[in-house]
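Next, two complexes with subunit A in common: one pairs it with subunit B, the other with subunit C.
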Partner chain A sequence: MNLLDFARGAAMKWSLAVFVFGIFWRLTGILLLHRTHDYSVPRAHGALLGALRTIIARSWPRREFRARTAYGLAVSYAFHIGLAIVVFGFVPHILLIRSLTGLGWNGLPDGVIYFCAVVTLIALIMALIRRVTHPVLKLLSNFDDYFSWVVTAAPVVTGLLTVAHYGARYETLLALHILSFEVLLVWFPFGKLMHGLLLPVARGQTGAFYARRGVNP
Partner chain B sequence: MSKDDSIEVSLRKQGISRRAFMKFCAATASLLALPPAMAAVIAETLGRARRPSVIYLSYQECTGCGESLTRSFSPTLENLMFNVMSLDYYETLQAAAGTAAEAARHTAMKENWGKYLLVVDGAIPRGHDGAYCTIAGESAVDILTGAAKGAAAVISVGTCAAFGGIPHASPDPTGAVPVSQVIKDKPVINISGCPPVPEVITGVLAHYLTFGSIPELDHLGRPKVFYGDTIHDRCYRRPYYDAGKFAKTFDDEGARNGWCLFELGCKGPITYNACATVKWNQGTSYPIQSGHGCLGCSEPDFWDKGSFYQALSTGTWSGGTVLGAAVVAGAAIGVGAAVVSRRRQARADRKKQP
Partner chain C sequence: MSTDIDAVHPLDTSGARLSIKKPVQRFDRQGDLSDRERTEAAMRAFMHEFGAVTATYLESCIHCGMCAEACQYYVQTGDPRYTPVHKLEPFKQAYKREAGPFALFYRMFNLKPRVSADELQNWQELLYDSCTMCGRCTLICPMGIDIARLVGQARHGMFQAGLVPHELWAVAERAEREGSPLGATPAVFKDRIAWLSDEHGVEIPVDRDQADVLVSMSSIEIMKYPQAIVATAKVLNALNEKWTIRLDGYEATNFGMLSGNVQWQKDLSMKLINAAVKCGAKLLILPECGHAYGAMRWDGANVYGKPLPFEVLHISEYLARSIAGGRLRVKKAAASVTFHDPCQISRRGGATQAPRDVLAALGVELREMVPSRMGSWCCGGGGGVVTIHRADDLRYRVFEIKMKQVDDTGAEMLVMSCSNCRQTFDDGQAHFKWDKTAHSLLELVADNLVQ
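Right after this comes the complex of A and B.
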């Protein structure tokens, strides 16, 4: 068994197993937590709409803080959107998703994917630079932040090296790319990357809470 | 024609012109990606050389490699056999049989000890002391080991000889192994493929016969001149891959338009071979050009890498049960954590009450 066989076989199986195990553990544990019953009379209805509104509104810069948050937001948007395009637009990735879920769609040309991957990588590097240079953010950052950055950037770097056939033989680069993604899968439920699933839950909860009180944040 | 004749003398005796010989040398130089001036060097070297002895052994194989070899067009096997080398033992092509055939092998080995070229196709079964393949009462392992002792170099032709191939595939009931696992003290050149491209076989033979040395090899012991690039890198359908245009089935519009076969399981991106450049049947075509994805047959363990029709970017595992168990275990622990949290909360609430 060579490295690629390992990456496509046992490593993929067990990383996916850890991923779904962790996801179900975290989500079930959080969603079944005790909630204090709210006995107050609601001032307004439409908790669901309020939840959706807050999820979107809090992802957009507030005018008052725009100058201070513009850099971070722009960079964050760049790599989040870039990652989404690369993950869900590249045909080999779509084939993997289809093999796992049965869902498939048409992909984008490779040139578009390569461009987005480069933009994503640049944005990730800019985000890291901000994290290590910003006086407050630097103090707030811990191992989880940096390791989550590494496991996010690694598949992008190895993916670009793979399509460029740079640094090693193609099958070795492909194996490293798949393995780096599998490390991300294993880390995802247990680190800050879990915000991908918990962020809508947390913001939605806050939005529903405010909506009940007639507040439109 | 005496075996002691130089190649030039043997050619003259057969009435083959100098011009025809030079054409052969030019074709060989071109095939080996050598500069045109090397054709003259090849001609001069071969012209003076004594025709070397070649012993060709066949074990766990389907004779597909031999069939391929006989279809080489440049240089042709006949050209190599009659002009450049002395093929002293090859069960598929020789007229002799039984005791006479074995005697021919022993004679060739004795007369050319230390100088002959040993070509092997097929895997070597080592299970049950080699009982799965015997010739004239001798096991394949013993014949190969004995013949390799006097060989100048060993050439493994085909994926079975190079990497074990189909006989070595799981569950490998005969304990089949490649030649390189049996012969450790001689240079072994692997010419993989199921079967290998015929011109690659004859090209490597011609290289050895011309220069007296083995060509530069990759980490799997294959000549870089033929196995330096992937099929994908040299594929004429590569632009469709880059443009994101893929055939989804073997009879859809994409397939009819000749789009990339990656989604249909083509293993071209991880397969190193000369199919896309040298092609088959006198440069007519190769599997992808004929509408089927590359199987990756020149790579080790290609038979055990999952379905031929499964895209390379997908997994090769079968673990639905493991994933199901992971879901159940994750949910169970999550529920347990929530229950513990709720109890703590209830206890805290009770303590707060006056």
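Right after this comes the complex of A and C.
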């Protein structure tokens, strides 16, 4: 079994297993903790609507916060959108998703994908520079922040190297690309990457809290 | 610490803000617990807080640092320690190590060390002096984490560890012992009512057996702004309400909540609840006090363990309702007004429109601060911060934001509906020799009633 076979076979299987089991473990470990009933009379009903509203509306800051958060937010949006386009728009990725789930769609031209990948990488580097230079981010950052950055950036870097056939044999580069993605899958449930799944839960809680109190955030 | 608590912590009720006198020697560690006992006590309290909602928040932080940009302490100082989520570090650390889904691994490999008493002591300033729990950070967090709620929960552990700032502990202890944090005991309150009733020729019913409306007061009003008692009486009398004040339950402030003592919070809330139940009140009116609104309107029923058998309204909501229903008529007041939103009533409480409806009825030109309503800046005195002498310099720095906001409106009159904000403004006014004086919305209404 060569490296590519391993990456496509056992490694993919096990990383997906860890990904799914890890997410299940973490989510149940959080959501099955005790809850208290709120006996206060709500000012308004519609907690579900409030939750949905905050889940969507919190995607951009309120007017009074925009000036102070614009740079960080722009960088963050750039690599999130870039990653989404690359992951879900590149034809080979779509073929992989189809083989795993049966779902498929039309891809974007390769040139667009390459451009997005480069922008994504630049944005990721800008985010990292900001993290190591901004006094607040420096103080808050820990191993999780840096390791999550590495496992996010690695598939982008190896992906670009693979399509450029640069640095090693194509098969080796492809194997490294797949393996780097698998490292991301394995790490996902254990670190901050889980925010992708926790985001609607946390925002929803606060949205429901605001709705109950009649606060219009 | 001396057992003569009142001698060690004498009250200062003559200054621009009310607290205990500036301590010559600080006691920011209460009791004689060993360091180990302190951390164990904090951990027990923390563990109680680690439910699903709290856990979701603690798991969700992406360390983006955006909360700092909403925090008045960071914005004014640029000190990263004041980043709101950083103030929760020991609380988060305890959660990850003791209660999170991977707690076993954190403990087994010591990935998160045990929280130490020194660490908690170091965080005291961050959890108390530099956080009013105003909730602006909650408003900005892209993950929607309610950081203000988490700070309140972290304070529960701090109190059990005996690590509360000297002054806040002292006023909370006095509230538990005497029923009021600032010496507004039943005897003092009764005297004041008699004096105010005579002086202003207004009837103030006390200890009625049966009443539709129970009125509560803030000890800040009783001791510093007694005119609020008269104003309340004038309004309720004008409305022909069957109302009362009861000496067995009148104090609406809740320093149990602010200091982090859950039992004291309950004791203080239950006094009011029991008094309302005893007189068969259908409505409990809360005074112009921000945290009192949170403590009773939103936490009261949970302390009681079931829905409250009466309605709870902030006085501004009551005024707005009475005006809207045509029962209360007011005449035109000052020409232009700016309104300061008390955080716990507006951003955290949802009663944002009521004071504006009242001001509209008063026919004033409302000049909103920028930002106002949900995004309003805190006065800097909430969360018990105004009582803490060592926090004064920092508090004055953040108050500069508020002064600029008010000045920029060019309004003739500054109005608010929280006596704690008001005393923070009074103190800031005295410190900066500022030309703006804070006024009470309630008193503005009472002065402009159409009989």
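By our rule, the second predicted complex is superposed on the first by the 217 of 217 C-alpha atoms of A that agree within 3 Å, B and C clash if a C-alpha of one lies under 4 Å from a C-alpha of the other, contacts with A are read in each partner's own complex, and residues count from 1 in each chain.
One rule holds for everything that comes next: contacts are C-beta pairs under 8 Å (C-beta built on N, C-alpha and C of every residue); 3 or more make two chains touch, one makes a residue touch a chain.
Predicted, not measured: the structure shown is a model, and the values here were computed from it.
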- [ ] Sticking to the clash and touch definitions up top, decide whether subunit B and subunit C on subunit A clash or fit.
- [x] fit
TODO: Return first, second, both or neither, reflecting whether A:92 touches subunit B, subunit C, both chains, or no partner chain.
DONE: first
TODO: With both structures superposed, pick whichever of subunit B and subunit C touches the larger number of subunit A residues.
DONE: C
Open item on the list: Just to be sure I read the superposition right, which of the two partners does A:32 touch: subunit B = first, subunit C = second, or both, or neither?
Closed with: both
Open item on the list: Looking at A:18, would you say it contacts subunit B, subunit C, both, or neither? Reply first, second, both or neither.
Closed with: first
TODO: Would you check which partner chain A:41 touches, where first means subunit B only, second means subunit C only, and both and neither mean what they say?
DONE: second
TODO: For A:108, select first, second, both or neither according to whether it touches subunit B, subunit C, the two together, or no partner.
DONE: first
- [ ] Can you pull out the angle centred on subunit A between the C-alpha centres of subunit B and subunit C, to the nearest 10°?
- [x] 170
TODO: Identify the partner contact of A:171: answer first if only subunit B is touched, second if only subunit C is, both if each is, neither if none is.
DONE: first
Task: subunit B versus subunit C - smallest C-alpha distance in the overlay, whole Å - done: 5
Task: subunit A positions touched by subunit B in one structure and by subunit C in the second - done: 25-26, 28-34
TODO: Within their complex, state which residues of subunit B touch subunit A.
DONE: 230, 232-233, 241-244, 246, 262-263, 269-270, 300-301, 305-306, 310-317, 319, 322-323, 325-327, 329-331, 333-335, 337-339, 341-342, 345-346
Task: Interfacial residue positions of subunit A with respect to subunit C in the complex - done: 25-26, 28-41, 43, 54-55, 58-59, 61-65, 68-69, 72-73, 76, 134-142, 144-145, 190, 192, 194-195, 198-199, 201-207, 209-210, 213-217
Open item on the list: If we count contacts the way the header does, which residues on subunit C are in touch with subunit A in the complex?
Closed with: 50-53, 55-57, 59-66, 68-70, 74-75, 78, 80-81, 83, 85-86, 99-102, 138-146, 297-302, 304-308, 311-312, 347-352, 370-371, 374-375
- [ ] Report the residues of subunit A in contact with subunit B in the complex, numbered from low to high.
- [x] 1-2, 4-5, 8-10, 12-14, 16-18, 20-34, 91-93, 95-96, 99-100, 107-111, 165, 170-171, 174
